[in-house]
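Two complexes are shown next, each including chain A; its partner changes from chain B in the first to chain C in the second.
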Partner chain A sequence: MSGHDFDLAVIGSGPAGLAAAALAASRGLSTVLLDEQPEAGGQIYRAITETPVRDRHVLGPDYWHGAELLGPLRDSGAAHWPGTTVWSVARPREDGADGGRTLQIGLSRNGTAAMLTVRHVLMATGALERPFPIPGWTLPGVLGAGAAQILLKSSGLVPSGRTVLAGTGPLLWLLAWQYLRAGAALDAILDTTPRGNWRAALPLLPAFLRSPYLGKGAKLLLEVRRKVKVIDGVTDLRAEGEGKLSAIVYRQGDGAEQRLAADTLLLHQGVVPNLNLANATGCAQNWDETQRCWRPTTDDWGATSVEGVSLAGDGAGIGGALAAEHAGRVAALDVLHRLGRIDRAERDRAAVPHREALERALRGRAFLDTLYRPADIFRAPADDTIVCRCEEVTAGAVREAVRLGCSGPNQAKSFLRCGMGPCQGRLCGPTVTEVIAAERGVSPAEVGYYRLRPPVKPITLAELAALPKSAADIAAVDKH
Partner chain B sequence: MFRRLPDIAGDRVSFTIDGRPAEARSGDSVAAALLANGVAACRNTPVSGAARGPYCMMGVCFDCLVTIDGTGNRQGCQVRVAPGMAVETQDGKRGVER
Partner chain C sequence: MASPTPAPSMSIWKPDVIVIGGGLHGCSAALHLSMRGVRVLVLEKDHVARHASGVNAGGVRQLGRDVAEVPLTVASMALWHRIGELVDDDCGFESHGQLKVAENEAELAGLEARAAALRALGFHHEEVIGQAELRDLVPAIAGHCVGALVSRGDGAAIPFRTTFAFRRKAIALGARFEEGAGVARVVRVGDVWSVETTGGDRHEAPILVNCAGAWADRIAAQLGEPAPLEVIAPMLMITARVPPFIKPVVGASGRTLSFKQFPNGTVLIGGGLLGRAVRDENRTELDFSQVSVNARTVWDLFPVMRGATIVRSWAGIEARMPDQIPVIGPSGTQPGVFHAFGFSAHGFQLGPIVGRITADLITRGGTDLPIQPFHIGRFAA
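After this line comes the complex of A and B, so read on.
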């Protein structure tokens, strides 16, 4: 082997990763697909090979489309390593013996850490739910709607008892529709979509009218609205209970507080790029004002600011599952070009159909982003709300730190420890950015984001210590 | 809490929660198995002692930390339940010995 284990490592086996790995391997790159989950599919196609939900109508045709991505991966010859957690991507201290530039991936499989050397890394790390900080969101019985959908896909579990969905965005309605199909009862949907969003979204409607999502989305929404009590214009929301959720308190518009007894509250206000690995690898990122989130900066081909590292799919900015698939293929073609397998003209020619499909899949996205943009109060919540779940830091504490001179999320770490717990800012980063920006009266772009560092997932000291060491490694720490 | 849909594939798996016998389905994560058994809270936080339960189910929130077969701070949503597995809820920090 000439100094590397694989030409390409694709990290994440959702739609972008599956499509990218299949294309790259079928065109001759030695490719490994790494994923933390036990099966391929990512979160959108979670448990696609083994869901216990037998009735295909429950999860719907968009979910089952994911199964079509598995055959090409199998046929491509790409190695597939599920159950593999990647905790770092970095340039090795010395380059390969053949002088080629390589990247080193730190990973854990079955409780054992290992380093993998590759020529290119394509991150397809997908999305995670945007934090929805309300008072009481840390109570047992309050979960993300995406979490509840994972329970349905992978275990055939639906809520029992009094169940309320709250928030905004397509996934909230999709989950409600899937529950109806599965025969699960919902007590209410509290819709937090700000009423003013319609006005802002209206100019973007023409593009959405040509979107593939329109027909499906409208039908689904109407069906849910016909069968479930929907409370629109919710402007205030909190969860209450001693040790677990017992009630939800909300206000509609300027109205008085209302109370709903509840056993399960499922929260959702959109998804944001899962950027921890890219950030920790040193990839530049920028603030997306429309989607109100950070996204790693990429060019048209998914290339990041770090040489040898590309990104595709929702991890590079939210576009949805179909867009991710096409973006994965576009990025894979660029990797083929960079590694000398195809020339530039061939890359450009081969990308044409994928770019067209990508454009179709993204049509109407700006309308959805604008319509379902969460209200200010749910992005930068009231003082008594916990924003950092790990270290239990409230929005009020963050604002107080700003008044003491804390200028951004990185300083907030030393003031408050917020963002320093095991989730490494995944559940508080966007909120802390917004709270500090609002308090300082500047753009989130100006306050910045956490500077994340590897390992991006916790590993044990025993795992680290068991890593193979070179003579130079040992000499570096040896007592003289 | 959560209930299983009636027409569901998968084998039954016996395991324990804090020593009590419990049942899950093959393919369940430990966090899913806890929720299916009516256990919403799986730990108390090291910071304030507040109860927490599974929140994200995809390995990012670290709220479903439990002790599995004697090893503390495992992410319940990232580990599959296995026959005979001993799952324990956690109180505060992981101990140095586990």
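After this line comes the complex of A and C, so read on.
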């Protein structure tokens, strides 16, 4: 047996992963595409092959573009393992028998855990919704717009009853538009975009005017605004109810409190890189002040600080689906070069069209990032608001820990258990960083982020107890 | 003597003792010294409780210790049972006993012999119990377990919170802490120790305490005494919440295990299986083939846990001595230097007493407890 199972494992089958796996495999690398979901597409193209929403006008052409990525993947010869959860990536104790450097991937498939040995890992782990902690956000009936969109894509479900969207960012408007097309009624949109953002974003407008977003975005916004009551300049927001949501209380500007009866509140204030796997693998990360988030540090080719690990797509910094696709191809070319399939000149030459497309896709991004930057109060909420849902830790408890001498998220974690629950900080990490930074009066860059640990996704004791599995076991799993 | 004008606070305050290392042992030494009016400066290269002291299993255990440690562990246990009086915080300490189960008669015979050996030395905190009482104490234990060794006064606490509480109380009593201050160089200048930090600061004090844990050998080397510690990374894992089913902390006699349930329902599984430590990068790497050994032990001993979900695993960085017992006491080569390190993955329970021992050595020139076995001179060439 050779020292590895595959040359390349691509983790995540959104646009970056689909494009990267197809390109790498078509150029001769033995490639496996690993993804948690039962089918390819990631979050943006979720359920692209099976969605019950067959009317293409509902989800729109940008969604259906995802289908075009599936053919090349099929033709490339890449192995595709859907329903596979990756919970660890690490260097094994000893390198491969042939002397080559390898990486070991801990994964679970059909209830069985196994270790997979590869030469290179390309993480295409995508984005997560930025947490939107407001009083009452843990009430049943309050959920993320992203989660609601997944229900729409995968099951054709739209909320019934009085429904309100609140927050800021392109996805909020896209979801509203998709709901309208699907025939759902929206009672209101509470827009929390700070009014001052326009001033900051204005200098970035020229690039945006040349971007592909403009035409589509403007049309979509106008259509939504024509059909739904939009309340702008919302500065204060909370969800109320006994056991479940019954009302939303908000203020517009510095006006008086208003109350809206509601059964469903969908919250959204942008997305941030899903960096848990990269972080737990030891990849260095840096604070992005414009996008107000941590991102794994990568070079122009998506290579991280850990040898043999690359990143592409929103997981390396938010750029959107099209940018992710092109970045996936750029990263795949670099992997081909690193594994000796192509020389440097060939890599550089082949990357030119993808880099140009990537640049086009990113045009105007800075404008959107600046315009839709969430307000301070929604990133670092008031004391009584829960920030860590798993352990029910409030913003006030985090501030108190800072006063006692906790200077960063890791001390707060050890002290308060925030970030220690099953979500491993996905729902509180950005907030805890922001709260501590604001309380100390320093940049989030200085306070840092959680040091995350495998398993990055929960696995059962039974699965762990059955390790280690050999490569043959994995192949047997694959055949099922 | 002419000198540049320092900041006002620094011109008044000069430490009597510099403690190197802000783990539990450094914080405990700082607390006990501060309680006696000694001015202490703690230099911590990262932040307090960053390594083993903040992330260990939290076992507060007398059970099964090396006989040399028994007098110390018993004295420390008395402090643990009044920990709130010492540090103004209960440290999450709960005492529901610790046991070490026997999976067969041969193991049980070994436990009987151990208990008898301790009794002969005059210590009665370890007792052997049979299958029936084991069932009473731990109803979820697998049916094949035949008995256990139990130490009823043992328990568990929250490590980071404990270390933090020691630090806070020490500060309240006047100790000063500098975090992010690694020690670059230690030199004797006249009759004081001069400590140069990685940031270029210089601090002086007549007395130096080395509580630098997995980095303590580097301090000892500057003093000209070997400390052949091994840098280890004991691994732990924790489950999602499950309904409460067990109060005591459980270990095994024939294999390595430390198993306990927190009040919030999560279950901590450890026992000293090792990952990889990269101490110069403050980093540990987990070894899942070893983690899986631990998971199999739990599978065998606690059938109720088979469906549990592991949500996180981690490892801290610790120092292990060749003979598995710590270094405590005065330097073998230098005046005014005391060591407390190398606790070999079982130092948490000893924290309260070893700080007091160090304070006794510094302020009274001696201690009532037998610390000769821990002298660093045992490693001298």
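Keep in mind that, in the parts below, the second predicted complex is superposed on the first by the 467 of 480 C-alpha atoms of A that agree within 3 Å, B and C clash if a C-alpha of one lies under 4 Å from a C-alpha of the other, contacts with A are read in each partner's own complex, and residues count from 1 in each chain.
Following the convention adopted for this analysis, a residue touches a chain if its C-beta (ideal position, glycine included) is under 8 Å from a C-beta of that chain, and two chains touch if they have at least 3 such contacts.
Predicted, not measured: the structure shown is a model, and the values here were computed from it.
Undergrad: Is A:414 in contact with chain B, with chain C, with both, or with neither (first, second, both, neither)?
TA: A:414 sits against chain C, while chain B stays out of touch.
Undergrad: Thinking of the overlay built on chain A, is A:52 touched by chain B (first), by chain C (second), by both, or by neither?
TA: Once the two structures are laid over each other on A, A:52 reaches chain B alone.
Undergrad: If we overlay the two complexes on their shared chain A, which of chain B and chain C does A:106 touch? Say first, second, both or neither.
TA: A:106: touches chain C, not chain B.
Undergrad: Counting residues of chain A touched by each partner, does chain B or chain C come out ahead?
TA: B
Undergrad: With the two complexes superposed on chain A, say which partner A:15 touches: chain B (first), chain C (second), both, or neither.
TA: Touch partners of A:15: none, neither chain B nor chain C.
Undergrad: Please work out whether A:453 is in contact with chain B alone, chain C alone, both, or neither, and reply first, second, both or neither.
TA: second
Undergrad: Does chain B (first) or chain C (second) touch A:88, or do both, or does neither?
TA: After superposition on chain A, A:88 lies in contact with chain C alone.
Undergrad: Would you sort A:468 into first (chain B), second (chain C), both or neither based on which partner it touches?
TA: second
Undergrad: Mind working out whether A:141 is in touch with chain B, chain C, both or neither, as first, second, both or neither?
TA: The first partner, chain B, only.
Undergrad: Scan A:115 for contacts with chain B and chain C and give back first, second, both or neither.
TA: The answer is second: A:115 touches chain C but not chain B.
Undergrad: Once the two structures are fitted together, what part of chain A is touched by chain B and by chain C alike?
TA: Looking at chain A, the two contact sets intersect at 391, 421-422, 458.
Undergrad: Residue numbers of chain C touching chain A in their complex, please.
TA: 47-49, 54-55, 159-161, 164, 167-168, 179, 238-240, 264, 276, 283, 285-289, 291-292, 295-296, 298-299, 305-314
Undergrad: Per the contact definition, I'd like the list of chain A residues that touch chain C in the complex.
TA: Touching chain C: residues 88, 90-91, 93, 106, 115, 282, 391, 404-405, 407-408, 411, 414-415, 417, 420-422, 424, 453-455, 458-462, 464-468 of chain A.
Undergrad: For chain A, which residues count as touching chain B in their complex?
TA: Touch residues, chain A against chain B: 36, 38, 43, 47, 50, 52-55, 58, 128-129, 138-144, 146-148, 150-151, 154-161, 182-183, 243-245, 263-264, 274, 389-392, 421-423, 426-427, 457-458.
Undergrad: Contact residues on chain B for chain A in the complex?
TA: The touching residues are 1-5, 7-10, 25, 27-29, 32, 35-36, 40-42, 45, 47-48, 50-63, 65, 73, 77-78, 80.
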